[in-house]
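First, the structure itself, so that you have it in front of you.
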Amino acid sequence: MTLKTRKDYLASLKKMRPNIYKFGELIKDVTTHPATKRTVESHALNYDASHEPEWADTYTATSIFSGDKIHRWTSMMQSSEDLITNMKLKRQNYRRTGTCTGGVCVGWNALNVLWAITQDMDEDNGTKYQERLKAWILEAQDKGLVVAGALTDAKGDRSLKPSEQDDPDLNLRIKEIRDDGIVIRGAKLMICGVAASHEIFLLPGGIYKETEKDFAVACVVPRDIEGLTVIEASRPSDRRDLEETAEGEVPNTGITQGLLLFDDVFVPNARIFMSGETKYTRNIIQYFTANYRACIGACVTGQGDVMIGASVLVARANGLSMKTFANKLVEMSINNQITYGLGVGACAMGFQHKAGSYFADPMTAHTNKVMVATLPYETKRLTQEIGGGIVETGCLPSYQDFTNPEYGEELHKYYRAGSVSADTRYKAARLAEWLTIGGGVPGCMHGGGSPDGARLVIRFGTPYEEYVDYARNLMGIEEEVPDPQKK
Amino acid sequence: MTLKTRKDYLASLKKMRPNIYKFGELIKDVTTHPATKRTVESHALNYDASHEPEWADTYTATSIFSGDKIHRWTSMMQSSEDLITNMKLKRQNYRRTGTCTGGVCVGWNALNVLWAITQDMDEDNGTKYQERLKAWILEAQDKGLVVAGALTDAKGDRSLKPSEQDDPDLNLRIKEIRDDGIVIRGAKLMICGVAASHEIFLLPGGIYKETEKDFAVACVVPRDIEGLTVIEASRPSDRRDLEETAEGEVPNTGITQGLLLFDDVFVPNARIFMSGETKYTRNIIQYFTANYRACIGACVTGQGDVMIGASVLVARANGLSMKTFANKLVEMSINNQITYGLGVGACAMGFQHKAGSYFADPMTAHTNKVMVATLPYETKRLTQEIGGGIVETGCLPSYQDFTNPEYGEELHKYYRAGSVSADTRYKAARLAEWLTIGGGVPGCMHGGGSPDGARLVIRFGTPYEEYVDYARNLMGIEEEVPDPQKK
Amino acid sequence: MTLKTRKDYLASLKKMRPNIYKFGELIKDVTTHPATKRTVESHALNYDASHEPEWADTYTATSIFSGDKIHRWTSMMQSSEDLITNMKLKRQNYRRTGTCTGGVCVGWNALNVLWAITQDMDEDNGTKYQERLKAWILEAQDKGLVVAGALTDAKGDRSLKPSEQDDPDLNLRIKEIRDDGIVIRGAKLMICGVAASHEIFLLPGGIYKETEKDFAVACVVPRDIEGLTVIEASRPSDRRDLEETAEGEVPNTGITQGLLLFDDVFVPNARIFMSGETKYTRNIIQYFTANYRACIGACVTGQGDVMIGASVLVARANGLSMKTFANKLVEMSINNQITYGLGVGACAMGFQHKAGSYFADPMTAHTNKVMVATLPYETKRLTQEIGGGIVETGCLPSYQDFTNPEYGEELHKYYRAGSVSADTRYKAARLAEWLTIGGGVPGCMHGGGSPDGARLVIRFGTPYEEYVDYARNLMGIEEEVPDPQKK
Amino acid sequence: MTLKTRKDYLASLKKMRPNIYKFGELIKDVTTHPATKRTVESHALNYDASHEPEWADTYTATSIFSGDKIHRWTSMMQSSEDLITNMKLKRQNYRRTGTCTGGVCVGWNALNVLWAITQDMDEDNGTKYQERLKAWILEAQDKGLVVAGALTDAKGDRSLKPSEQDDPDLNLRIKEIRDDGIVIRGAKLMICGVAASHEIFLLPGGIYKETEKDFAVACVVPRDIEGLTVIEASRPSDRRDLEETAEGEVPNTGITQGLLLFDDVFVPNARIFMSGETKYTRNIIQYFTANYRACIGACVTGQGDVMIGASVLVARANGLSMKTFANKLVEMSINNQITYGLGVGACAMGFQHKAGSYFADPMTAHTNKVMVATLPYETKRLTQEIGGGIVETGCLPSYQDFTNPEYGEELHKYYRAGSVSADTRYKAARLAEWLTIGGGVPGCMHGGGSPDGARLVIRFGTPYEEYVDYARNLMGIEEEVPDPQKK
């Protein structure tokens, strides 16, 4: 087997069936269409990194199944070191692309979670899911696939279970079980990086009780499978992408999110890893979120690295030394170090499933989720504070104006501050804008679930009674002190 | 005199010389062009309010010069009540427009500051500036003008004074003094609401020493004066404005910022209120920022009111009760109450200039500036946290997709959560997006100067030695304890 | 009438019946006993200030009843200016005493609240409470009394109403109504400044329903009335008070809290201002907390002033310039300015009761309570951060060791840092300790009620539906969007 | 060799020469004197834990030198696991003692740091330090010693180097070098746990240049060595310790700090591990602080565990369910998880010195120091907010009053709230007080150096230019953008 390259990757995407829409238009070629090409390029950079001596150790791994050298984002994670390398890769991705590369994130996590879950199911129920999964993983490793992942269902009325909704499609469901596979129907919303992916790993969107068998489905489907339609999401700044100059966008990279409409899609047995086993959905969610929320610290830290860089850059382009902002830059660095260090801490305190899969410590991982949902916002605020009015009020002319034959030169004269060119100042300010209020702001607060969900895990994971006993012991209180009951 | 109406206002704007550009194009009619019509509408609502019984007291005042009923935004502010009413008007403006109405803010403040400063200059130097100013104010009151205001110069190399720059135009300057007026040249950047204004009040952009006479200029010019070109600034989401559906924009209102290029503009004497008197630039800046930074609390509070409303709205459209987010909503309310209450506190502790003008307490006003530069960011973060992934990851299809004949209906099915329609949910989420990462995010952090500037005022305004003496007295320390000197 | 002096004050306290205990001992003379003399001295300073030209305007007022010059802490507050002067007095008290002077705070507020409430009751029910109150106020003004105030009952089981408790005494109650007065029984906890007071104003501790008539009592009693026993509270550092050197205490001033045990105390009719009118307890609490929580901002700001002074002092005694800590000192100043400015804002937005009493704006006042419960803690943390290990780890020898004949001189040698004497450094560090972890830390978080109580007021005072309508109007959403109901 | 027990430990302390003073008095027996017995008991608990099956793995280790089972606090730390176990031990110590056990912290770290440094010195200079150190470590392991550690010098004028001070003793120094050892002189301040220790490890207090040879000394001395006098520090609440009932103190455990006066103390060669090698002082400080500041996260987390327990306890004793405070308790848990998880992250990202010693990642460790200097303060504030006025205003009677024969019973009646006894409520409130404003508040902000020192490490450790390059690359900016130079 040969490790795939950027060229292989782009070629494979071009071959796929067009089924992605944006602005009401079918995108023929995701690698060249302005709405998706930046996302594809972000992921192409991962293939490049796999072949660069400096980064090969991070971006590749050895398959525990075949012994082959594979892209790391299809590898099994079986130790804290493996999880920490996941974090390194993610931090680096941000530094290179200025945003998230979601196509190499969720699917990777999903296949590792399912590795543990399928073994549990097989042991309990005599199914053969793990075998199937292994076969598919080997294929994914061999083909060097980018596998997006999808959890979030449409959900409908949240006070009702999936089976109680007025429309059963509101959660992705098994509509029909055939001998050779299943037919699924429904939608998955908020899928990151789907335009750059080959396949999509589907997981149940919640913890289900026995009654919800139809919704306990895990499987993997090609992105261009028959019956699947993808709609790209639209963000405030995305019209800029469509223009030639693409002012305010980083020129090459980017990320998009999409939503999936499944209109009776047939999935063959070989690609089904859970079908009705509701009891195991709890562990899917718990394992998945633990790893996701530990490692997402690396994403926002990488973003923080770029925000620090952009802040220094725009300060200098404004004619100011970075020393002016030393305290703020240290604060940004501290925010960064917290989300990264806490993620690593969660990895280091993790545990190994008997199947070999390694999962991060939930309490620390969920704490990191809360940090991820707060600290980067402060870093963004600081980026705008350091950048000055040019960044924050966005008081820059459009690129068409900035380069207008009549008055563009005059604008250049007024936008130069000191020795740095007006053009660099313009770009630096647009980068800061992009990172703080533009296309580069990814969905880290709710991606992988809400911070309030994380707080719930912390609430129910803290051993309050044990802590009460420490307090009682210290003071020699022998009386039992239970929680007062409502009268 | 008759109080002008929306109709008068729109008609007067239509008559003006087109000199505003965006995307390389000259805007013929600011009242109808998609890039400016929302800003104009925001200001037209102020004329409406002047005639509404519920709001007339807030939006109109009695001229202390003519005794006529006038639009409040051209009135003299001579008591803390006047300043507090300024705040009420601003809070209400946000509630109605979802953003700032900068055309009725800076010019109003400027004319009040100059009222005090011209009296000081006239008394010291025998000039007749105040008389001229009074004449112009009467005209502005009579015509019901919207007067934008401009302070920020291009500045060039910030380590050099205006006179030391390699290009003297980098700060707006008096190029020539004639018998009947002056010729000015240079640029003013970051001007809010200029597209909706009739005139622009120009103030010096800094505190100047004797050597910088050419830059100590205060005057007022029609927005369409010969030699003045306005370039509208460009923001991440502003291409949406140009589309028919304008997805993600509030349908009617908005705000824009622009920059002004002065190419040898002649200003007649009657409109000049300072010309070379550098010594008074310090007080211009101090009085201006004190009032500006006290009252800006009302703007962000109004924005906070709308963010609270949008948060509750989108939560409900997501199918969740606002009780779920009670703590977060209280936190948002507290943030709001701080910026408003602190602004009122600054007004209540203000002082009256002998000319009658009333100015807010600087220490409290600058403290409020720091709050304005921090708390609304947390309120935005909370809006995104409450709104959920639909708001924060922006995972909504474009309006073209959402209403697409082929799959739009299917999208509607999946975006309905509970009893609220998918359309309302879509709009609610777009409003939250607009307020937190879209076109509704105004420049409150650096507008009116940077928070670090405010911190400097606080640093030099705190009476540290007096506080040291309290400490010494309490402990009976008789030894003098001066600050250690560098060796 | 003559304005009382320190001498009058001390003489009057000496004449009172001893009924205050601490450490199991009856305190014979509160003006000389080491456990109470500092509190008395703090209040004596208020009498001094009433006679000092610089402070007389703040510390005295003109009686609206008699036209006499009176101590301000017995005056009627009938405008925002009156409330703001209350704040000025409180800030100054902290600066002079390094702590709170609770004896001139709660009673003052109480008599103003009751002025409004008694008028309401009299108008509704034909009672004559206000007349009685006026007579007592005139006496208090004439005698220059210090009137402590008491609200907090023991409460017992908080899930039960007063009348439902297993012991009716758990809330202060009317045990018997006689022709000439009432007999009260129960306890009031957490009374500030009682040891320095002449009289105590008792208010109901909660909002009561019709069934709780016995607990709806407002009256005023001499501190040494028959049947009343006061127990002084004990704080971690209070044993230091008892030593001759009183290391770690400010030498002269201080504050104490106490609790009151009422063992069938007879209160004559002339001193009763509410007796069973439960309906008015709501307004008592609302008016009281509004003023209290607006003005408490001044107390913690005064404390902040001293903490800033102590921080600079100890930094210099450590040999460091205050410039080293410029950012932290600005942050402390900002914290200070918020609690003060927000308090003033609440006063400025207040309202006048028809009886003439003026009350602060509740929403802003309660917001300030939340600030008072958070910001000073950060200021304390910064004081410890600036002060260094000498303050924070408390690694200073005892004063007995520091002045020990054998090794005291050696300790002085090692505790001098630069040009400031070791003795000053010692005192400066002990002051910072006292302010942050010692006797000078007053109870500002729960004094006047809990911050969670304040948050509740904010929660129920925010007009959410109005804000939702702003959001709907902006987006043109016509659908009603009510809060989802539980199913 | 046999693992020492509590009995051995107490017996060995009793045998030592009395040289510790407090309140001007020589303490004869640290194991029984009320000023020190609590500290000794805290450390005795560590010996107990070494013999408890549940804790033996944490509290003991196998000597890499002798293969013997030893107390872990004398072990070599040679992997991230070893560091993480250090953290576990520290967290547990707090849970058991309610405070820090400083005697098993600094010395342990010091011997591991010197293990690396002595190897470096020996390799470079042919000295034989490591051999000596090994011999001493073996002895410490064999005897099961508690080894305190001391870095902080008196320092004098901080703008001068040690050799420039007017008194050379202001930093601990080598006064004389003899054939058989050295004579040292000076003082070390802020030594934690010295009263419970057998020996004290002395390290240089700063990074020294070549000129400061006399101050580059590392050695270990018995706590009762001739010429050494220890003065215990005094804290606000420590007079309570001396009373029989010791109200407000945890009954058995505690911590004290002291300062050391060296009056020409002779140290034999066998106990000297650095003597004049200034060049290596930098690494001593760097290695020491990295480990110290990673692991200190565990201490404050343990304290946080107890604060959570105390909060729940006092809430219940107040008659309130912990559900009332769910959000605050989650926030406390998050604070805890951050300081612990970040510490573990620093350990996991550490590095191994060629001598085998393992050190934590400095950037993450110093970030944790900043967290340790902030988050626990918020946790304390929350403890007081949850605890209510009884905790925060300290409005509890003294224990003498609470148990007074005359009115004690009445007080018990009023302090019972619901079903929990008044006695338990009293103790719970005193524990919360002790943890937040009393004797249990240890010096975690400046212990091991100041947070500003940590911020400096972060400032100089952040690769700003690398981050600028990420920003430039993303935007395709080819221009170099160096920091503007001062003109």
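Brief remarks follow.
Going by the order they are written in, the chains are A, B, C and D; count residues from 1 in each one.
Methods note: contacts are C-beta pairs under 8 Å (C-beta built on N, C-alpha and C of every residue); 3 or more make two chains touch, one makes a residue touch a chain.
Keep in mind it's a predicted model, so treat the numbers as computed, not measured.
Listed here as common contacts of subunit C and subunit D: A, B.
Comparing chain pairs A-C and A-B by the number of C-beta pairs in contact, the larger count belongs to A-B. Chain centres here are Cα averages; for subunit A and subunit D they lie 40 Å apart. One finds 52 Å separating the Cα centroids of subunit A and subunit C.
With centres set at the average Cα position, the gap from subunit A to subunit B is 38 Å. For subunit D, residues touching at least two other chains, in rising order: 159, 319-320, 418-419, 484, 486. Taken together, the subunit A residues at the contact with subunit C in this complex read 159-160, 327, 484, 486-487. Looking at the complex, you find that subunit A touches subunit D at residues 80, 84, 95-98, 250-253, 305-306, 308-310, 312-313, 316-317, 319-323, 326, 329-330, 333-334, 337-338, 340-349, 361, 363-364, 367-368, 370-371, 418-421, 424, 427-428, 430-431, 455, 458-459, 462, 464, 466-477, 479, 481-484, 486. Those residues of subunit D that touch subunit C in the complex are listed here as 21-24, 152, 154-159, 167, 169-170, 187, 189-190, 192, 229, 231-237, 239-240, 243, 247-248, 257-259, 261, 318-320, 373-374, 377-378, 380-381, 384-385, 388-390, 392-401, 404, 407, 410-411, 413-419, 433-434, 437-439, 441-443, 445-447, 450-452.
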